[in-house]
Amino acid sequence: MFGKYLDRVREAAPLIHNITNYVTVNDVANILLACGASPIMADDPNEVEDITSICAGLNINIGTLNSHTVPSMLLAGRTAVRLGHPVLLDPVGAGASSYRTETAQRLLEEIGPDVIRGNISEIRTLTVNQAGASRGVDASLTDAVTEEGLREAVDFMRDQAERLHCVLVVTGAIDLVADGQTCYCIRNGRPEMGKITGTGCQLSGLMTAFLAANPEHKTEAAAAAVAVMGLAGEIGWDRMEPGDGNATYRNRIIDAVYHMKGTALDRGAKIEIYAPR
Amino acid sequence: MFGKYLDRVREAAPLIHNITNYVTVNDVANILLACGASPIMADDPNEVEDITSICAGLNINIGTLNSHTVPSMLLAGRTAVRLGHPVLLDPVGAGASSYRTETAQRLLEEIGPDVIRGNISEIRTLTVNQAGASRGVDASLTDAVTEEGLREAVDFMRDQAERLHCVLVVTGAIDLVADGQTCYCIRNGRPEMGKITGTGCQLSGLMTAFLAANPEHKTEAAAAAVAVMGLAGEIGWDRMEPGDGNATYRNRIIDAVYHMKGTALDRGAKIEIYAPR
Amino acid sequence: MFGKYLDRVREAAPLIHNITNYVTVNDVANILLACGASPIMADDPNEVEDITSICAGLNINIGTLNSHTVPSMLLAGRTAVRLGHPVLLDPVGAGASSYRTETAQRLLEEIGPDVIRGNISEIRTLTVNQAGASRGVDASLTDAVTEEGLREAVDFMRDQAERLHCVLVVTGAIDLVADGQTCYCIRNGRPEMGKITGTGCQLSGLMTAFLAANPEHKTEAAAAAVAVMGLAGEIGWDRMEPGDGNATYRNRIIDAVYHMKGTALDRGAKIEIYAPR
């Protein structure tokens, strides 16, 4: 069912504009190429409007936030919204510094991204810890999405997605992708992926390509991207040899995306749907 | 015949100053080490003159152009020219934004690089799409250098190289390296190299080392670098195992450069010469 | 004996703040994850105090120094010192430009790092080539630490460590880790590690994690980190297959750190102690 969203990325070959951190940028570029998309990285205010205009989607990642690129993020974000291009916000490290939290909040309010993808701590920072978000406090995300707390987490995600008018994605041991109505729960992936820098950043890049190629089905496209990343983590792990560690695993995951077809995703995706309320 | 230029790089072990993008910079550094050269990356106006002075060549790449490094590019470029060090310009993304196009044009005019290396779109932007370049419009590069249009492309490249007083390099399915008189046509490489981010950036770094080590034979040195990169792409591909994708291929190409000797290049290079007019 | 310092890193899982260059930053992040620590990269003056406050150690690397991050380095460094967090300075390229030399000297004076790690050229620049360091000139480091000059180098390192009130680490064919009293001489590693960009940067990141997890034994923790990196270089080399080169070797070294246990370090470390004077 979700394989078609991957196939559509390979057919559309969208060009994706990334304003992202310098730590994991190379892996983001290679995973975009692996899924059939093309990356452009550009973060100077003098050119981000031009660049985002020729692209099909915009990926904003605040991983190495600095005062010279925040104006670029705002400019590019507004341009993309005006042109109807999907915008994804990855609020890396929101909560770790006031500057990140405030910038993430500002990007959220001034751009209105189509999708926000983060880990639980980041998503909590942008939801329950914000003024005006008190409604969500009771049904809050705890430290991790667990089987026991899943139903509660699903409701929390749908509530917050509705409040923020976006698709909200939280990744961890269990991944959740929600809009105001529907929530997908994805159980692909491996814990060892957390020992590689930037698997989250890579997923955000990948997901932007899925949104750009499937603009009519944003929630499903985001869920498909989550499943692709997780399934690639499983396939890559199966190819690990004795002595291989996190550096090699990084390559094997991107390699697995490179070879993945829609049919393989249909077979391997572990996606559960929480139907519209 | 071209193997000696590679051997000379390993003997001279030139130190290369790179002002380049943060996407592919690590691979540029590793491919420079793989060919026997040494990389220095430095892009602050406070130090680029010092750094370029202790180096043997300068590689300028506008892949993640920003307003803080453009003055560094100009300063370093003028210093390198004054000292007689070869300068290569890689106009990444010229044509994708006004800022890139104008900056590339400005670097071209104010520095006068020894070599310009880009893909067809970038080279077109700096040649036929510029005012004053109308002479080249008729004999223009089309979307790709093809066997059918090769003779025309060769003439175009020689004309533009002469007009720009540089060695002009366009890479794609067929690679061309031209000065005003001679054009080399290189048929090494594999299409899958386009699925790795930064193979062009890597080639520009590698080529700068070849220019620095072979300053009396710039056109031939540039052609040799193109053949090394393409042959490494072929050798790396032969080492690919089932399941390997673009991330692993990236490593295998650099690994192949690491082991390549001049004799292997002589055997594997597919270089055709279009003799001086 | 030194294995316990590695085991302690895995137990403590320290969060390490890195202000480092954009060339090798991804490898620094992955090697920190490989040893059981976690990386944060943040270099904007607006947030470095917040970030360093939530971390257990600070790694300052001037590899791609620029005028926007020098204030961040100073701010973060002073904050870390005030909080009692270990600070490591990696003076990449000190001596290559006046700007780097002066900035490294300034960071040294205004922060007072716990550890300085560099190659011989960099350490010389910060010691014998500085005014006020004339006492060390006679017993200077020559171009490399050799078996013949080892005793002299050991004395030099201890003198300079005492003068600078820090642990001083010089890496090369033979590695030395000294405080004012004791000097450890480590003979792990392979010369081919010099053909990979950033093995020094990686070691600095790794070492900061060792300092953060073993704050009562800084000299020994630094020596243990040097041995881990060198031993990983040996283990990684043993896993090289025909055709593998520097790109693959890079991954294999990080992979080896990922799997290394304290017991393996105890078996493989080649550490000689020059007892307190």
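Each chain gets a letter, A, B and C, in the order it is written, and its residues are counted from 1.
FYI, contacts are C-beta pairs under 8 Å (C-beta built on N, C-alpha and C of every residue); 3 or more make two chains touch, one makes a residue touch a chain.
Predicted model only: the values in this text are computed from it and were never measured.
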Graph class of chain-chain contacts, one of line, ring, star, complete, other: complete
Numbering shared by both copies at the subunit B-subunit A contact, with half separating same from different: different
Rigid-body rotation angle, subunit C and subunit A, from Cα fit (steps of 5°): 120
Cα-centroid distance, subunit A relative to subunit B, in whole angstrom: 34
Residues within subunit B bordering two or more other chains: 22, 26-27, 68, 250-251
List of subunit A residues in touch with subunit C within their complex: 21-24, 26-27, 63-68, 93, 96-100, 195-198, 243-248, 250-251
Touching residues (chain side subunit B, partner subunit C) in the complex: 22, 25-27, 29-30, 33-34, 39-47, 50-51, 54, 68, 235, 239, 250-259
